[in-house]
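Note that chain A is present in both complexes that follow, paired respectively with chain B and with chain C.
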Partner chain A sequence: MNRRSSLPYTFLIPTVALLAILALTPTIYALNVSFTDRTLFSSSSNYIGFENYIDLLSDRRFVNSAYVSLKWEIMTVTTTMIMAVGLGVLMFECASPKMRNLYCLIFLIPVLLPRVCAAFVWKFAFHPLYGIVTYPYRAITGQPLDLLADPTTALMVVGFVDVWQWGFFFAVIIVKLLESLPPQPIEAARLDNAKPWQIHFYVTIPMLKAPLISLALVKAIESLRSFDLIYVMTRGGPGIATETLDMYAFSQGFIEAGKIGYASSIAVIMLLTTIITFTIIWKRVNK
Partner chain B sequence: MAEIVCQNIKKNYGAVEVVPDFSLHVEDHEFIVFLGPSGCGKSTMLRMLAGLEEITGGQLMIGGKVVNDLEPRDRGIAMVFQNYALYPHMTIRDNIAFGLRRIKVPEHEIKSRTEDVTSVLGLGPYLDRKPTELSGGQQQRVAIARAMIKTPDVFLFDEPLSNLDAKLRATMREEIARLHKKLRTTTVYVTHDQMEAMTLADRIVLMKDGQIEQVGSPEEIYERPVSRFVASFIGTPAMNFIELKVEQSGTEWFVVGEGVKLTFDSSRFDVSVGQQVTLGVRPSDFEAVSEVTDRTLAGECDLIEYHGDQALVSFRVGSVHLHALVAARQRPSEDEHVLFQIRQNTSHLFDATTGRSLLKQ
Partner chain C sequence: MITRFLGKSLLVFCAACVLVPLLWTLMNAFKVNADLLTPVPQFFFDPTFENITYVLSRQSVFGALYNSLIICLSAVGLGLVLGLPAAYAIARNPNRITQEIQFFVLSLRFLPPVAVAIPFMVIWLNLGMYDTRWSMIITYSLITISITIWLSIPGFQQVPKEIEEAARVDGYGPYAVFAKVALPVAMKSLLGALAFSFVLVWNEFMLALMLTTSDAKTLPIVASEMSQQGLNVPWGILNAAVVLLSIPPLLLLGLLSSFLNRSFAQKNR
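Up next is the complex of A and B:
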């Protein structure tokens, strides 16, 4: 091998090796543990084959958490995208370039906040007795309002915080994308009898199809990692109303039963589902 | 069909005055070309007609209606852009039909009108393609079709041919001329290409620094330029200019300078003795002669550009370089001493300080 062709490898091998160790070790370890009956209470464990996986199929709480995860994905991704596109177009149409930059700056703040902080802030805002969000209801009815304790609204409130963090950020990206579009097709549409909303509906948004799909995928991946948000705000409750797969895996492994093997099998299933789903979506989109 | 009236139109960008005062009356059916160097405000003026730029002051009327504050879509205009401005994600068919769909024209009517327009422009085979699958000329044809199908009162063209190669430009120019002959729609066309202006226009509006320098038919502008700027802008190869001084001896009037003494017909010009003037002569108004007269210029030929049927002879008189267009077969050879006579009644005189033409009206 001559020097020229060996140089790239000199730089690549250490980084790739580091990455492989960091990413693959836990994955392989989890895969290994998922075939055992390992618990937190004893250091010994036995290989039990696919027993954990078979148990999962008849676990109603697992099925529920898979359903909650799906709901969570669809809810947060669509709401974030709708809000971001709406707000982005609104800024593009109504705000002067100077104001637009100011709005962008303000809209970046939520996403810069660590999610645990955001979760605590909003948890307090939704507090049934002292929260600012629930204040109008209390003032009118004199009753406390605990949205996080209601199984029908709890997931929506947590979803609201997620959309609050990411919707504004995506709106900033979308307004910048709109600004980067060539102005002539927009001007042509203005001459072609199109009203402002029609210009965006028929011309600009379709022109931004590719970046918008990428954004939606980024959000979908991001939504999968909402453990910290849910953990702080509801811990999967009330009951199991907001218990997503990662939340359930965590409570199986560390809170309730200490069944590390069982929890790992949930994690492995999540990993596989994610890989398969995203591969299919990615291929479909890139066609 | 409509006439356009611009009354004292102004345009400022902040403190910068782009168009200080623009007044023009475009007749119904007329083909008007805004011509000028880049940055002269001609595109800004067109965009104000379209409603894409706000008008700072003055009044704009299209078809007898004040349109200053109307949206572009309510002005009864259609525009063709320099870079085509097609909707990239739509097929050609949808591109053309877009405007009609927005005003809810019935689908069957859209279909028949699309067919009419596309058959005129020869776009039939491309209707289901996307704009990127078409060549530049075809894309510009789609843009024209998209403008035509709306049957507007006024067509606006913003340098529509400048993205095309020279050969295609000539073909498209012809097509636009034919189209206008057929449709007779009032048209405002912006270009910096004098060839396009000369061939297409009923009247040319020559602009400089946001102001109208001269308005007139191509012939008027070519034959009787009102200023040195107009004279230098129109005509290829460009007009020759020599700085001279007016003198009189007896009844003869001369313009005199370094190595030059030419007589001229004083009845054609408003001049006074001692006035500093610029003599303008088009290269095609020089004819090679063998004898020195009081209308000849003598010099050393230092370069010859061969154009095919003609040749451009560059020669030096005193300190200025002049160009003469001669039949290629009779061209002199380089370094030869040449003698050219100015054709009778073709020379122009401009005031050396103001640049205004001294030709009598």
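Up next is the complex of A and C:
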């Protein structure tokens, strides 16, 4: 590339400037509002220092939602990765290349569906009286089965839908990664009479360590966007059993109290936690 | 032999886990409530077009469909105009600054949607632009531009440098090389990247929920509101709305699948 060309500057400066404005303005704004007692109903507000943050520490619902969010992250990331690796290896071993392409196409569908749609599809499938998933239980026991109304299972059902969307997608990526590996180590292991699961456990999966970690990180980032699923399926209920941080911020700011200042302080805490955590991890992984 | 058979059946089962719920939803969109709300699932029924016609005849659905199309296509357009050149500049000038820019673009995805939605709501209210298509387009362009940049950098890197050199020898300036050589050669991967950004904003829910109330409502919001009409959830209508909302992303399935294939096939070499 011609070093004296103006192209990099004209191509990069406007875009980066626009992105910076679009990203920094709301961030600074959120920080600013989080130090006020602004509400939805009046546009005047006073600066109250760190009061919102101090209130958060003694707010049990906030502590609960932080715990639910953490559970959600761990649960969805680990299940997605386990399912994706298992299914990816299964496709690699058991399906002919032609069938593999067909499966890849099918397994790509769930992640493309709008999350609102996925949520409704499964909400009806888990319907206590008419759902197709709960039908066997009803047929055997004659009792309705309401998993979404039970505090111990509600989060798992929502998590199941999330894994349904992402697990199949990641399985497709993993099968493509397996196909891109050099065949010699696999052949060598096969000549040593290694069983298929041994080959993958000891040879291919370790070779794919770096991309698998990146995938897990991508999933962790995408798992932060759980709001639509939870909003449609449970609205944070029953009680506050599935109330994640974004759900709680939303209900504080918009549904119950209209306390935008308070909601902003929750948003700021989420923002700082995710940016710091993911920046550190990402930089370390991609060194 | 037996394990192979078991493996194959497991794969068929997994495919069924994807397809059966979707086909079931499609079927339910053509059922009247009496066939839909039965303790035993009904596989045979008289199909009705009531739900579909009800959904399509609603003013709110039509308005939302129009809004969704205008907002998403404009945001993708902005992603194209601003994102593709930036991606090209990053791909062709690998150095510390562009590396930092690339990470900055990626880190925009770390922003929790609530942390963006709440301040944007206050900002658009203050500017008098709350609940307008313009405010939604600008908000969504944050998503489309960053995703387009991130996904089209590999596409531009795959354009052989020799072709660009040859064009330069023929007297093309750097801008002409971009427009007449790099863009057409990388076109297929770029289309995939743009399709991905379209699906992301088409499916987006939380920002639209907080930033619109009536005029600029998008289709996911209107679809989710259908469950709130009265005490009895109109499941047939809801299923029809779900089907309508899912069609555009599924139409892009082939394009996105070949985009995935291409990006992984390249790593092979």
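The working rule: the second predicted complex is superposed on the first by the 274 of 287 C-alpha atoms of A that agree within 3 Å, B and C clash if a C-alpha of one lies under 4 Å from a C-alpha of the other, contacts with A are read in each partner's own complex, and residues count from 1 in each chain.
The definition used in the following text is that a residue touches a chain if its C-beta (ideal position, glycine included) is under 8 Å from a C-beta of that chain, and two chains touch if they have at least 3 such contacts.
Quantities reported herein were computed from a predicted structural model and do not represent experimental measurements.
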Fit-or-clash call for chain B and chain C when the two complexes are aligned on chain A: fit
Partner chain(s) touched by A:D192 [first = chain B, second = chain C, both, neither]: first
Touching partner for A:L70 - first (chain B), second (chain C), both, neither: neither
Chain B versus chain C as contact partner of A:L24, first or second or both or neither: neither
Arrangement angle, chain B at one end, chain C at the other, chain A at the vertex (C-alpha, nearest 10°): 80
Contact breadth on chain A, by residue count: chain C or chain B: C
First, second, both or neither for A:Y202, with chain B first and chain C second: first
Chain B versus chain C as contact partner of A:Q184, first or second or both or neither: first
Distance of closest approach, chain C and chain B, by C-alpha atoms in Å: 12
On chain A, the residue positions that both chain B and chain C contact, one per complex: none
Residue ranges of chain B in contact with chain A within the complex: 50-52, 71-73, 77-79, 81, 83-90, 98-100, 102-103, 146, 150
Parts of chain A lying in touch with chain B, wherever the complex brings them together: 182, 184-185, 187-195, 198, 202-203, 206-207, 209
Touching residues (chain side chain A, partner chain C) in the complex: 1-2, 5, 7-8, 10-12, 14-16, 18-20, 22-23, 25-27, 29-30, 33, 38, 87, 90-91, 93-95, 99, 103-110, 112-117, 120-122, 124-125, 129-130, 132, 135, 138-139, 164, 168, 172-173, 176-177, 179-180, 221, 224-225, 227-228, 231-232, 245-246, 249-250, 253-254, 260, 263-264, 266-268, 270-271, 274-275, 278-279, 282-283
Residues of chain C defined as touching chain A within the complex: 4, 7-8, 10-11, 14-15, 17-19, 21-22, 24-25, 28, 36-41, 82-83, 85-86, 88-90, 92-93, 98, 101, 103-116, 118-120, 122-123, 138-139, 141-142, 145-146, 149, 168, 174-175, 178, 199, 202-203, 205-206, 209-210, 220, 223-224, 227, 235, 238-239, 242, 245-246, 249-250, 252-254, 256-257, 260-261, 264-265, 267-268
